[in-house]
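Just so it is clear, A, B, C and D label the chains in written order, and each chain counts residues from 1 on its own.
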Amino acid sequence: MMNPVSEMPLRLAVWLLLAPLLPGIVNKVKAWVAGRRGPPVLQLYFDLAKLWRKGVVVSTLASPGFLLGPAVAWVAVVGAALLMPLGPSLAGAGFRGDFLVLIYLLALARFCTAWAAMETGSAFEGMGAAREVSYAVLAEAAIIAAVLSLGVQTGSLSLSTMLAPAAGAGAALLAAGLFVVLLAENCRVPFDDPNTHLELTMIHEVMVLDHSGPPLAAILHGASVKLLLFSVLLVQAVLPIGQFAPWAGAGVLAAGVLGVTVGVGFVESLLARLAFRRVPLLLTTAFLLCLFALLVAWKGGPS
Amino acid sequence: MISLCLILVPLAGALLAAAWREDRTRPLWLPIFGVIHAGLAAALFFNPPAVAAESWFGFDPLARAVLPAVSLLFLVCSAYAVPYLRLRAERPNRVFVALLLTVLGLLSAGHQARHLGLLWVATEAVTLAAVPLLHFNGTARAFEATWKYLLVGGTGIALSLLGSFCLGYASLHGGGRGDLTFAALTAQGAGLSRPWVLTAWVLLLVGYGTKMGLAPMHTWKPDAYGQAPGIVGALLAGGVTTVAFTAILRVRSVVGAAGEGPVADRTLLLLGLFSMGVAALFLLGTRDFKRMLAYSSVEHMGILGLGTALGGPGVAAALFHVWSNGLTKGVLFLSAGNLHRAAGEPTMDAARGMARLTPRSAAIFVAGMFAITALPPFAPFFSELQVVRAGLAAGHGLAVAAFLGCLLLAFLGLTRVVFGIVDGRPRPARVHHARRFRETAAVIAPPLVLLGLSLALGLFTPAILRESWLAAVRQLFPTP
Amino acid sequence: MNEGTLNLLVGLAMGLNLLALGSSRLPALIRTVAAQGVVLGVMPLLIEHETLDWRVAAVAVATIAGKGVVIPWLLRRAMRAANIEREIEPFVGYVPSLLLGAGGTIAAVGLARALPLLPAHSGSLLVPGAMASVLTGFLLLIGRVKAISQVCGYLILENGIYLFGLLLIHSTPLLVESGILLDVTVGVFVIGIIVDRIQRAFDSLDTRKLTTLRE
Amino acid sequence: MNPGPFLLLALLALAAGGVGGLRFPRAWLGFSLIGALAGLAAALGVLLGAPDWEWRGVWRLGGDAIHLRLDGVSALFLVLLSVVSGLGALYAREYWSDAGNPSSAPRGRAWWSVLTLSMGLVLLAANGLHFLIAWELFAVSAFFLITLDARGRATRAAGWLYLAASHAGTLVLFAFFGLLAARTGSWDLGPMQDQPALASLLWLALVGFGVKAGVFPLHIWLPSAHANAPSHVSALMSGVAIKMGIYGLVRFSGWLPAPRGAAWALMGFGAASAVLGIAFALAQSDLKRLLAYCSVENVGLIAAGLGGALLAGAGNEAAGGNLLLAGALLHVWNHGAFKALLFFGAGAVLHATGTREMNRLGGLWRAMPWTASLFALGSLAVAGLPPLNGFVSEWLIYLGLFDAAASRGEAAGPAGLTAILIATAGALALATFIKASALVFLGAGRTPATRHAHECGALMRGPMLFLGTTCVFLGLGPLAVWPAIARAAASWGGALSPVGEPPDALAMLGRAQRVLAVGAVVAGGALWHRVHSGRHRRDVTWDCGYAAPTARMQYVSGSFAGIVSGWFTRILRPARTLRRPRGLFPAKAFHLERVPETVLERVLGPVAAVFVRASNAVRRLQHGRLSFYILYVAAGLVAVGTFVWVGSLR
């Protein structure tokens, strides 16, 4: 165990530096499945560096909130990530109810992104923002049900101790539910297709249509942190990482995240994007999976 | 013998007014005798005389608990009558003034009557004396209203006479002398023949209930109140109905002494609630604000009946409500009279935006409406809350629920009408008409004074007044 | 002997009730009511007593004068002033009202049995007679449309009450009795005046026209 | 510090304001502010440690001696009342000025003072009779304020609906206090936990106060009243007046023995209010109506927290119960602050553009930068987002619910369900307030109404700034207000032990909020600096190559809310009128959508129709035919006779 204060820079570094790796891995997997070579795994790093150097075009209609939105959203996502323990060795300084802060920081990020989208007065961005905030309603219910099941299971309300999964049916249900939420929250197929360029079918991408340069870099980086965050949450909620030795735990965590990322890549390769009216159905399924996990936690489990 | 003066002085005043030559100054006799009467009533109220048990008239505790309210109401109404009759200079007022005083005298007689037969005589006399007051306007509609008032009321009063005879026969059959003084009847108590007592109760309840205006015998009320001048409405609603109510109270006390109290209470409870319900439904639909006051009066007569049915605390609450209802109805009738004069017609369709045409009267009318719908801190709030409390204490949960439901419906109906005429834009055609009516202090002050009295009565109910109600309850329902 | 005569008179009054219910012409109706008034006026004199009380005599005279003479005269005057066609278009037809009246009379006799009476009154027809008259009064008030017939109904109703009051004639003080009598007379007088006013205001005594005041 | 003199000062100042307000607007403002400050001082004194203040007068009012009491709970609400009423008075001076409303402004001032005074008396009354008096006075003065401008039919209808609903609630309170008095033998109020016979009374209080609080489905009056009232009145109504209902619930749930069923009901209806209230809010296109429905949501949150606290208290789960109670009480303040802010903001918009219809607005941030930023701040707060105050209280409530759920006690299941529902409500609130602020302030103006918009003046901006600052302060320093909340909770009197030391987690939360705030400022500044130090230019929004975009093409209320309204269509029942464009040269096409107040129109409407039909049927009996009238007398005689006869047989 390290001192929470001194480990902070390390955790921050892990989140900030490793996150952009994940979209690269996803894209690599997709390319591999499709039999292409695909972009390099580090492509996002290059993109971010390039974007940060570029100039900015701002809509004539936009207020300063157009620039503040991405910044605050990025801070919120990174703040949420910092609350998430990275295995037993980098657990951070948790407190009762920190998971709620995490969830609401993600909501803050959503608010800011949607706000920035609405700044442009474009119907496309309005559409994207409306979809984003609407589907988040179901996703949020699912996440709360998921953390509730974790809390009930462990009798703890702090992220550092509540991520101690049960074996068996509960874990499987939770894994499935959280995986769907991960796909939805990070705008992956089958909810959204990050690669599409048809505005009418997009959610997240259409919200950031008018962003460019450094703000877009913040958005893209924030999105990758969010993907990593959900992967870490999923892995820790399902795998009993706490039972390993500290550094072995870190290894297992890394392997798990890699596995999730590859899984996302496979899903994205093998599934088509869902029709919008089916989206709520899938999200409701995810919510129900988490709810069942909660029921399982109530039925059995310690305490 | 001050108590007899209460009756005789106004009657003498009536003669004087009838003999007075000048139309213009004759109305001044009204406040003069009003003051005398109120003074006499106050003197008696503060120094209640001892009343011999067998006397036919007397300022007994029940009269003490109610009569001053009537006197007070008359006093304020008489002050309003002066400017009112000046406005109506086109109509001769000899009969009107004389009969108003007669009504006052007869009301005093009715309230003080301790003999069933005399009570009946006084009530019938009041009914008849009020007839020319009702058709003071002299329109065809006024005569139609009077006709209905006479025949429906006459039928009712005839039934109460039959009931009085039945009670006398109950006494005869039980071995008594057929003495119709309440004291004798109560003293005979369980010795009264029960079937006859019950028959008498039914007849007297329906008979005096007609006079009070309990549903379904209330049909004369909207017509009469709708056509009569505001002061007459106020006196009918606050004075004449109370005579009938005290009659029912006195009879109820005899029935209770005969051991049939529970049955009597059940009928009163039911009739009271029925009246409230019917009145509330009428209020939901009516479009005429003077008829609205009549239905509201029916509702409040129902409250009196309900309160009486709830036993001791309920009766005290009902006596309280006699005061609060009488004074508050006075506010409403007098201000409605102003609105009527200004708007020309008392319907929602004709009168609109009265807050702009006659702001003061409209404000008083709204305040009176809130007062009568049990809005604190006016008196009806306190009296109705006492009814609620008495009912709940007696375990009549359902009755109280129905009571509150009726209050709500009535409130909806009243606010609908009142805000319908107060708010909005006045019709252009009426604006011209309304200009001719001026809101002088003389027509504003009386309702305002009544409103103040209603407020004060609620907030600072004098202890002596409370004590008088309790004394009346003790007189009516002596606890063994 | 007196009781027999009294019952005979009460029976006569009950018969007059039926006659009133059946008469289709106003003058006949008024005559019937006047006759009933006279019959009623005689009754107090027949009620058994040691001596002929002057009070009783006074009541009798007043009743005959009031009910038998003054009021019918008033009504007749109003009728002439109104110049109304004498046909009555009743609300409840004559035959139904007759049947109802007859049924009511029988019911009254039965109902009177249900109420306990003093032995002195057990043979008397006063109670059933009173009830039958009250019922007849109601029937006329409800069933007729001409104001004058309704007044006649009201009179018969009061006659019923008077019949009942005879039971109490000796226990009611004179002041009260005369007050009652005065009130009744003044009441009918006032009604007569209003009938007259209505006739002038509406140019008719048809109460079906008196429905301008409604919800 | 003795609060007595301050309360007296407040009373005198408000009374003077009520009388003088008709003629002297400046003096009225001064009196209102003095009253507010004095009330604030008194309440803060009690909250910060002074003992409960109690006063028994010698005068009798309605037969009972005056009895006033200021304890923690009433002080908590008194703080809110003082702050919002004082700010509202300032705001009203500009918003509802004599120049703009010569006929109604004086009346408005007088009633404002009466309303403030009567609400204060509600909080202080320790006697059922006087409580009812103050309560009704408050209800009626609020009615006169709502209908201050009674020229509009909609306003009058809204006012009447408010009055009717309020009176219905009051009549239930008649029964409540009557029963209380009948069972205890006096009108005096105080802790009565030891009398189990009083338990069932809480149900009546639930209904009576629930109407005023606006708990679903008793909220029917709330949307139209708050929408149609002048905005400073809306702010006071929404920020404080509905809290009087909450006050009643808090007060009597603490003083009376609480039946478990009532606690369940409070929690259940609270959760339902939260979700349905905000679902209705999302579907609105009238800015103030939207805010009003949002109040239903927040009241639901408070009620759910209170219900949970009652349950936890009954189940000996003090830890979670304390959190729930603290969260509910804190949310009273928080909601008061941000909802007043939002209504002030909406008032500024209405003042500037003359419309509340969001589909006619847009792009107002240029003309009204202050209002826009403060409204955005309020939106963040009301959506319960960190680092603002809304999140703190929601966090406390969540934590309490999670505690209850994790304890696997009796309340576990419902607590978990409530947590999920509240989370849903939170996400919906986010959508709602993105929509509200974006439609009004962002993008391009949709109609000419927005062209002449102007920023509001200092008197309107000042109160908004104050409230915005309060939201930030309460969010960043939750520990600072903890003693006040603990003091209020301690005098609540329910089954819970007094809330003592602040939970450590709250300190951590405060720290996290502050870090976040600093981080957001730093990151925002950095990005801003980066963008403005490099190349940057302005250009039109990307339009996908379409040549003739207009402002009307922006997303509007219905389109933004469409997805969620679709899920709730069974409850919202939107009325749509649609004409599609058809043919080669389509004629005029349109799509109208209106979301009615479902409970009012679908549930209460039919019931009211039954009464109206009954009324018409009964009125037909009064047809003017005398024969029938006499028949009614005869029928009455027969009915009463039969009743007595049957009764005497028994």
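Keep in mind that, in the parts below, a residue touches a chain if its C-beta (ideal position, glycine included) is under 8 Å from a C-beta of that chain, and two chains touch if they have at least 3 such contacts.
In this text, all values refer to a predicted model and were calculated from it rather than measured experimentally.
Colleague: Identify the chains adjacent to both chain A and chain B in the sense defined at the top.
Modeller: D
Colleague: Sort the chain pairs by how many C-beta pairs are in contact and tell me the top one.
Modeller: Of all chain pairs, the one joined by the most C-beta contacts is A-D.
Colleague: State, to the nearest whole Å, the distance from the C-alpha centre of chain A to the C-alpha centre of chain C.
Modeller: About 98 Å separates the centre of chain A from that of chain C.
Colleague: If you average the CA atoms of chain B and of chain C, how many Å lie between those two points?
Modeller: Going by mean C-alpha positions, chain B sits 31 Å from chain C.
Colleague: Between chain C and chain D, what's the gap in Å when you average each chain's C-alpha atoms?
Modeller: 68
Colleague: How far is the middle of chain A from the middle of chain D, if each middle is the mean of its Cα atoms, in Å?
Modeller: Here chain A and chain D have centroids separated by 35 Å.
Colleague: What residues in chain B touch two or more of the other chains?
Modeller: Within chain B, residues 147-148, 151, 155, 199, 222-223, 282, 285-286 contact more than one other chain.
Colleague: At least two other chains touched by the same residue of chain C: list those residues.
Modeller: Touching at least two other chains: 138, 141, 150, 207, 210, 212-213, 215.
Colleague: Could you run through all the chain pairs that touch each other?
Modeller: A-D, B-C, B-D, C-D
Colleague: Residues of chain B touching chain C in their complex?
Modeller: Residues 115, 117-118, 120-121, 124-125, 127-128, 131, 135, 139-141, 143-148, 150-151, 154-155, 158, 161-162, 165-166, 168-169, 171-173, 177-180, 193, 195-196, 199, 222-223, 226-227, 282, 285-286, 291 of chain B touch chain C in their complex.
Colleague: Show me the residue ranges of chain A that touch chain D in the complex, using the header's touch definition.
Modeller: So the residues of chain A touching chain D come out as 52, 54-61, 63-65, 67-68, 70-72, 74-76, 78-79, 83, 93, 95-98, 100-101, 103-105, 107-108, 110-111, 114-115, 118-124, 126-127, 129-131, 133-137, 139-141, 143-145, 148, 151-152, 155-157, 199, 209-210, 213-215, 218, 280, 291, 294, 298, 303.
Colleague: Quick one: in the complex, what on chain D touches chain B?
Modeller: 60-63, 129, 132-133, 136-137, 140, 147, 150-151, 156, 160, 163-164, 167-168, 171-172, 174-175, 177-179, 181-182, 611-612, 614-616, 618-619, 622, 624, 626, 629-630, 632-633, 635-637, 640-641, 643-645, 647-648
Colleague: Report the residues of chain C in contact with chain B in the complex, numbered from low to high.
Modeller: Per the touch definition, chain C meets chain B at residues 114-118, 130, 134, 138, 141, 147, 150, 154, 157-158, 160-161, 164-165, 167-168, 170-173, 175-177, 179-180, 182-184, 186-187, 190-191, 194-195, 197-198, 201-202, 207, 210, 212-213, 215.
Colleague: So in the complex, the part of chain D that touches chain A is made up of which residues?
Modeller: Residue list for chain D touching chain A: 362-363, 365-366, 369, 372, 376, 380, 383-386, 391, 395, 398-399, 402-403, 405-406, 408, 412-413, 416, 419-420, 423-424, 426-428, 430-431, 433-435, 437-438, 441-444, 503-505, 508-509, 512, 515-516, 519-520, 522-524, 526-528, 530-531, 534-544, 551, 553-555, 559-564, 567.
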